[in-house]
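Dropping the structures in below, format is C-alpha cells.
The same chain A turns up in both complexes below, where it pairs with chain B and then with chain C.
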Partner chain A sequence: MKRIYAFEDKCLGCGLCEVYCRTAHSKSKDIIKAHKEENIVSGISIEEIMSPKSAFYFALQCRHCKDPKCVKACISGAMYKDENDIVRNNKDKCVACLSCVLVCPFGAIKKNTDGKAVSKCDLCVEVGSPVCVENCPNEAIKLLDEDSEILK
Partner chain B sequence: MKYLIIGDSAAGVNAAQTIRSKDKEGLITILSNESIAAYGRPLISYYLSGKVLPENIFYRNKNFYKKEKINLFLNTQAQEIDVKNKKVNAAQKEFEYDKLLIASGSLPLIPQIKNLKEQKNVFTFLTFDESRKIKESINPDSKVVIAGAGLIGLKAAEGLYGKVAKITVIDLADRVMASVLDKSAADIIQNHIEKKGIEFILNKSVAEVEGGEKVEKIILSDAKTLDCDIFIIAVGVRPNISLAKNAQIRTSKGIIVNEYMQTSESDIYAAGDCVESLDLISNESKVLALWPNAVSQGETAGANMAGEKKLVPSSFAMNAISFFGMQLISAGIIGGSDADIYVDKNGDKLRRLNIANDNLIGFVLINDNQRAGIYTALINDRVKLSELEYDIKLKDIGLNVYTKEKRRDKIFGKEE
Partner chain C sequence: MLNMVPSAFKIIRDENKCIQCKVCVKQCANLVHYYDEEKDIVRADDTKCVCCHRCVVLCPTKALTIINYPLDYRQNANWTKNYMDDIYRQAQSGGVLLASMGNPKPFPVYWDKMLLNASQVTNPSIDPLREPMETKVLIGRKPEKLEYDKKGKLATKMPPQVELKIPIMFSAMSYGSISRNAHESLARAAEELGICYNTGEGGLNKDFYKYGKNTIVQVASGRFGVYKDYLNAGAAVEIKIGQGAKPGIGGHLPGEKVDEDVSGTRMIPLGSDAISPAPHHDIYSIEDLRQLIFSLKEATAYKKPIFVKIAAVHNSAAIASGIARAGADAIVIDGFRGGTGAAPARIRDNVGIPIELALASIDQRLREEGIRNEVSLIAAGSIRNSADVIKAVALGADAVYIASAALIAMGCHMCHSCSVGKCNWGIATQVPELVRRLNPDIMYKRLVNLVSAWNHEIQEILGGMGINAIDSLRGNKLMLRGIDLNEKELEVLGIKHAGE
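== the complex of A and B ==
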C-alpha cells in the first residue's frame, strides 16, 4: 500500500501541509473560511526537534498501520480499515472517547475542536491525492509504496 | 470445521472475524443471550442520554454477519458445555463444535444489601436492554440513586443528566474511580461532575432498602436515608465464569488461559472480560475488563482456533473516558511509595507520570490528551527513559522524544 513518509532532513517546518490539509477537509474548501470559520483540526502536524544549535522539523500523520491499535481500541466500531487498507473514522459513530488517542503510538489522532469526534489523516481519499504531499515546497513528505527503495 | 462462540461482543465478534479471515469455509456460530447484535457496550450511556442514536450503537454494519457467513443466534442462552461430546446445550437446541470460544464477558457485582430483591425499579448498567429499561422508567421528577462511583456508575449518571430531578452517587471509597485514580486526580473529576448538580456521598455504602414492589428509600451505612425512585447498582463487575466452571475448566477469579487463549481443555478457548490476563506491569494474573483487551484477546483466540500459532499481545490497564466534556486518559498503575511520581497540575488540567527504575509504568492525563498514545507505547515497549532525547517530565510528549534512528524506523514502518 502507498503511505505518506516524512523526511526530516528536508522539512522546513513551514506548516503548509497543515494549511492544505485543513482546507481540503473543510466544507467550504476555501483556505480563508476553513481557517477563520470552520476550525478544523489538521490530520498532519509538524513536530519540532530542538538541538543545541538549531531546530529541525518533521511532519507526521496517521501511518495506516497494518495492525492498527486504534481500530482495536475503538469502543464504538467507528474506526475501521477500509477495503484499500486506509484507516478511517466514521464520524456518525465516533463519540470522542479518545480510546484511539490512548493507544496510537505515533500520537497521530486528535480530538476535533467541537469535541464530538476525532480527526486523523484519511490519505485524502475523498479529494483524490494527498494535498499535503502535493503542496509541500521541499518534497519533505512523499507518497510512496511501502517497499520503495528510498525507505531502505 | 465447526467453530462455536458464546458471547457476541468485543471478544466474540473479533474472534469470529479473525477465524473467517483464515478459514473461508468453516461453520461459524455465535450464541448470544442478548436481544440485539453486538453493540459498543460502553455506548449504552450515550444511548441513554440520546447522544447516540439506536441505529449507530451497533459495533458492525448491518450486513456484517451475512457477509462474513456467521450464524448469529440471538436470545439464546448457552446453558451447559458438554466437553466429552463437544456440544453446547441451549434451551431449545444443541450446538456441536470442534473449537469452542467462551467470550461470556462480565456480570454485575451485586453487593449485600438488606431487603434487596428484584424490585421493579432496581437496575444494573451493563447491557443495552438494561439501559433501555432505565430510559423507559425515568421521568423528570425521578430521584435516582447510583451505588458505585466507578466508571460504570459515573457513566450512568452522565447518561441520566438533565433527564431526572436528582442524581446521587454513593461509594464506599473516599474518591471517584478509586481503582484507576489517586485522590488528587479523582478530586478534579468529582468537582467537575458536582458542578453539574450531581451529589456524591463517599466513604459510605448502601446498607438497606425500604419499600414494597419498588425501592422507595435507601438507608446508608451511617443510617442516613435517601428518597429513591430509581436505584442503579454499579459497584463493579465480575467475570462470567459459571459455564466454564461447571464444565470443570480451570478457573480462578476468571477463566485461566495460556498465551494462546486456550483453557485447560485444549479445544476450548476463552477471551475478554471472563478471563485472567497476565498484567505486563505487575506480572500478576489479573482480570482486565477493558474493551481493547477483549478485542485483542478475541483476535488471538480466533487465529489459534483457526490453526495458527499466535501469542496474545501484552496487556495492562488503560482507559480513555470523558465525563461531561472532561477528558480522562490513563494507563498502567497509579503508583506506590517507591515509585517516582511526577505531577503537573494546572486548574482542571493534570499530567501525572509514574516512573520506576527508568521506566514509565503509569500515567493519568486530564484535559491534556494530545499524543497520549506515545506514553502508552513507552509503557508497553518498556522503553528506558534515559535513552530518550529529553526528560518526559519536562515537556509535552511527541515522537521527537525518540532518537533520530528510532523515529525513522517508526515512521518508515520498520517496526511493523
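== the complex of A and C ==
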C-alpha cells in the first residue's frame, strides 16, 4: 500500500503540513475558520531531532501498520483497518480511553482537544489525496509505494 | 550607543487572517516574528526585517504584508533618506558599508531604451513552431577561414569550442557564497539544458565533477581549489580579472561560511577567511595575462577554451583588444549592474559602466581591428529577460551569462542581504537548516523552465525578424533602434534612433 514517507534532509519544519491537515479535517474546510473556530488536532506533527551540527525536522504521522496495535487495543471497536488497509478511527464509536495512544509505537495518535475522541492520519481518504503531501513547500513528505525506488 | 538608523520595513499582519500557525516564526532566520504565548498572538520586530518575503510567501492565509517603513525625514532633494541612514550606520560602526546583489540606483537601463525590429511585407517572418530555428552557439576562437580537402572534408584544425544549445549560461557564483544545494540545482539544470554553469572562484566539489562537460571552472586571484584535475574537470577555464559589481576589488568570504565541505573544496583551513586579492599577483600587464592563459592551455593540453572575465570599465574596448591578442578564446564583460554576494556599497553603486555600452564598444573595436573572430564575447551583468538576451546578441554578444535571474528563479527576492549569511531561501548561506530549504529536485526544474521559456521567446523574436539562426543576429545592430537616447549614446551603441 501507499504510505507517507518523510525526508528529514528536505524538511523545513515549517508546519504547513499541520495547518493543511487541520483544515482538511475541519467541518468548514476553510483554513481561517478551521483554526479560529474549530479546535482540531492535526494528524501529522513536526518532530525535531537535535544533532550536534544542526536541528533536523521530520513530519510524523500514522504508519498504517500491517498489524496495528491500536486496532487490537481499542476497547470500543472504533479503530479499524479499512478495505484499503488504511487504519482509521470512527469518532462516533471512540470513547477516548486512550489505549491506542498508549500502544502506538510511533506516538502518531493524539487526544482531541475536547477530550472526546482521538485524531490520527487517515491519508485524507475523504479528500482524495493527502493534503500535507500536496502542500509541502519542499517536497519533504511523499506518498509512496513501499517498494518505490526513492526509498532504496 | 543609540541606534539612529530607523527600521527599513514595516510588517503588517491582518489579525483577521492570522491563525497563529507560527510558520512565519519558524521560517524567519532573522528572528523577526515571535509568538506571544500570554496573548496567543504572533508579533513582529520590524527592525530586523530585510524584506525577503519568506514569511509572506509561506503564510498559508496570506495574512502578511511588508511595506517600506513610512517614516519621512524633512524633505530634502540632496540629503535623501539613503544617504542620511548610511551616515548613521557609519558613524556607529566606523566601517565600510557592505552591500549585496547588483547596483540598485536609477541609472539608465539601455536595454529598455532599445527597440527590436520585425519583418513586414518585404521579407517574411518565420514561425518557429513550424520551421527550424537554431539557437545553438559555439564559444571559442574561430579561424579566419575554413579550408577543405579534395573530398570536401574540413582541413582547418578548429580551436577548442564550447557548444551551448541556448546562448545563455549561469554565471560564476562560488560554492561558499551560495549553498551546495543552489550549486547542485545550477549544475543539474545546465546539464539538462545543454548549457554551462560556472563554478565561481571557490573550486569544485568532487561530487560535482560528473557535471564537467557543463561546467566552466574559474581561476580567480585567490586561486582557491585550483589544481590540474580541477582545470581539466570543466568544458572551459575562466580567468576572473574583475567583477561588474566591484571592479578593482577582491573578495572576502568570512570564516563562518568556510565549513568542512567549503574548506575542502577551496583547499583552505577550516573556518579561515577566504580572501581574494584585488589583483592577480602574477598579472600586471597583457603580457603577464598571456602567460597565465598559456599556462592554463598547457595544463589542459590545448583542449579547453580559456575565457577572461573583466568588469565593464572606461577602457574596456582597449583592454578587450589586449585580451584577444593575449590568446583568450572568449572575453566575458560584466556590467556594473551585475550581482555579488558582498561588495563595498560605494563601489557597487559608483564604479563601472553599463554593459550595453561596454559590449557595443568592444564589439566595434574588435571589428575595426579585424580580430572579432579571434574571441567570443559573453555579456553579463543583469540580463533580466529574453529580450535583453536578444538585444545583447544584436549588440555583438555570442552568449550571455545570467546569475541574478537564476537566483530569482530559485526563490531569491533581492533583499540584498547575502553578505549576512542568513538567506531564508537557502541560497546565500551555509547554515544547514537554511540550506535544506532549497530542494535541488524542485529548483533545478524551475531553472530549466526559466531558460526553456526564454529560449521559446528568443525563437519567437528571431522568427519575427525573419531570422532563423541566432548566429545571423550577432552584431546585427540594424535590428535595434534607440528610443529616448542622445546622439552620443546612439553613437556608442552603434544604433540608429527609432524612426530613422
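Observations
Just so we're on the same page, the second predicted complex is superposed on the first by the 152 of 152 C-alpha atoms of A that agree within 3 Å, B and C clash if a C-alpha of one lies under 4 Å from a C-alpha of the other, contacts with A are read in each partner's own complex, and residues count from 1 in each chain.
Simple rule for what comes next: a contact is a pair of C-beta atoms (placed from the backbone, for glycine too) under 8 Å apart; a residue touches a chain by one contact, two chains touch by 3 or more.
Note that the coordinates shown come from a computational prediction; the quantities given were computed from them, not determined experimentally.
In the overlay built on the shared chain, the residue A:Glu146 is in contact with chain B alone; chain C does not reach it. By the document's definition of touching, of the two partners only chain B reaches A:Gly115; chain C does not.
Within the superposed three-chain model, A:Ile32 lies in touch with chain C and out of touch with chain B [touch as defined at top].
Put simply, more of the residues of chain A are touched by B, taking chain B and chain C as the two choices. In the superposition on chain A, contact of A:Lys2 is made with neither chain B nor chain C.
Of the two partner chains, chain C is the only one touched by A:Leu16; chain B is not. Residue contacts after overlaying the shared chain place A:Lys81 against neither chain B nor chain C.
Chain A contributes residues 3, 5-6, 8, 47-49, 58, 60, 63, 65-67, 69, 72-73, 75-77, 92-93, 95-107, 109-111, 115, 146, 151 to its touches with chain B in the complex.
Taken together, the chain B residues at the contact with chain A in this complex read 14, 40-43, 46, 51-52, 56-60, 291-292, 295-296, 299, 318-322, 325, 327, 329, 331, 369-374, 376-377, 380, 389, 397-400, 404, 407-408, 410-413, 416.
In the complex of the two chains, the chain A residues touching chain C come out as 9-16, 18-20, 31-32, 35-36, 53-55, 135, 137-140.
Against chain A, in their complex, chain C makes its touches with residues 16-17, 19-23, 26-27, 58, 60-61, 431-433, 436-437, 439, 441-442.
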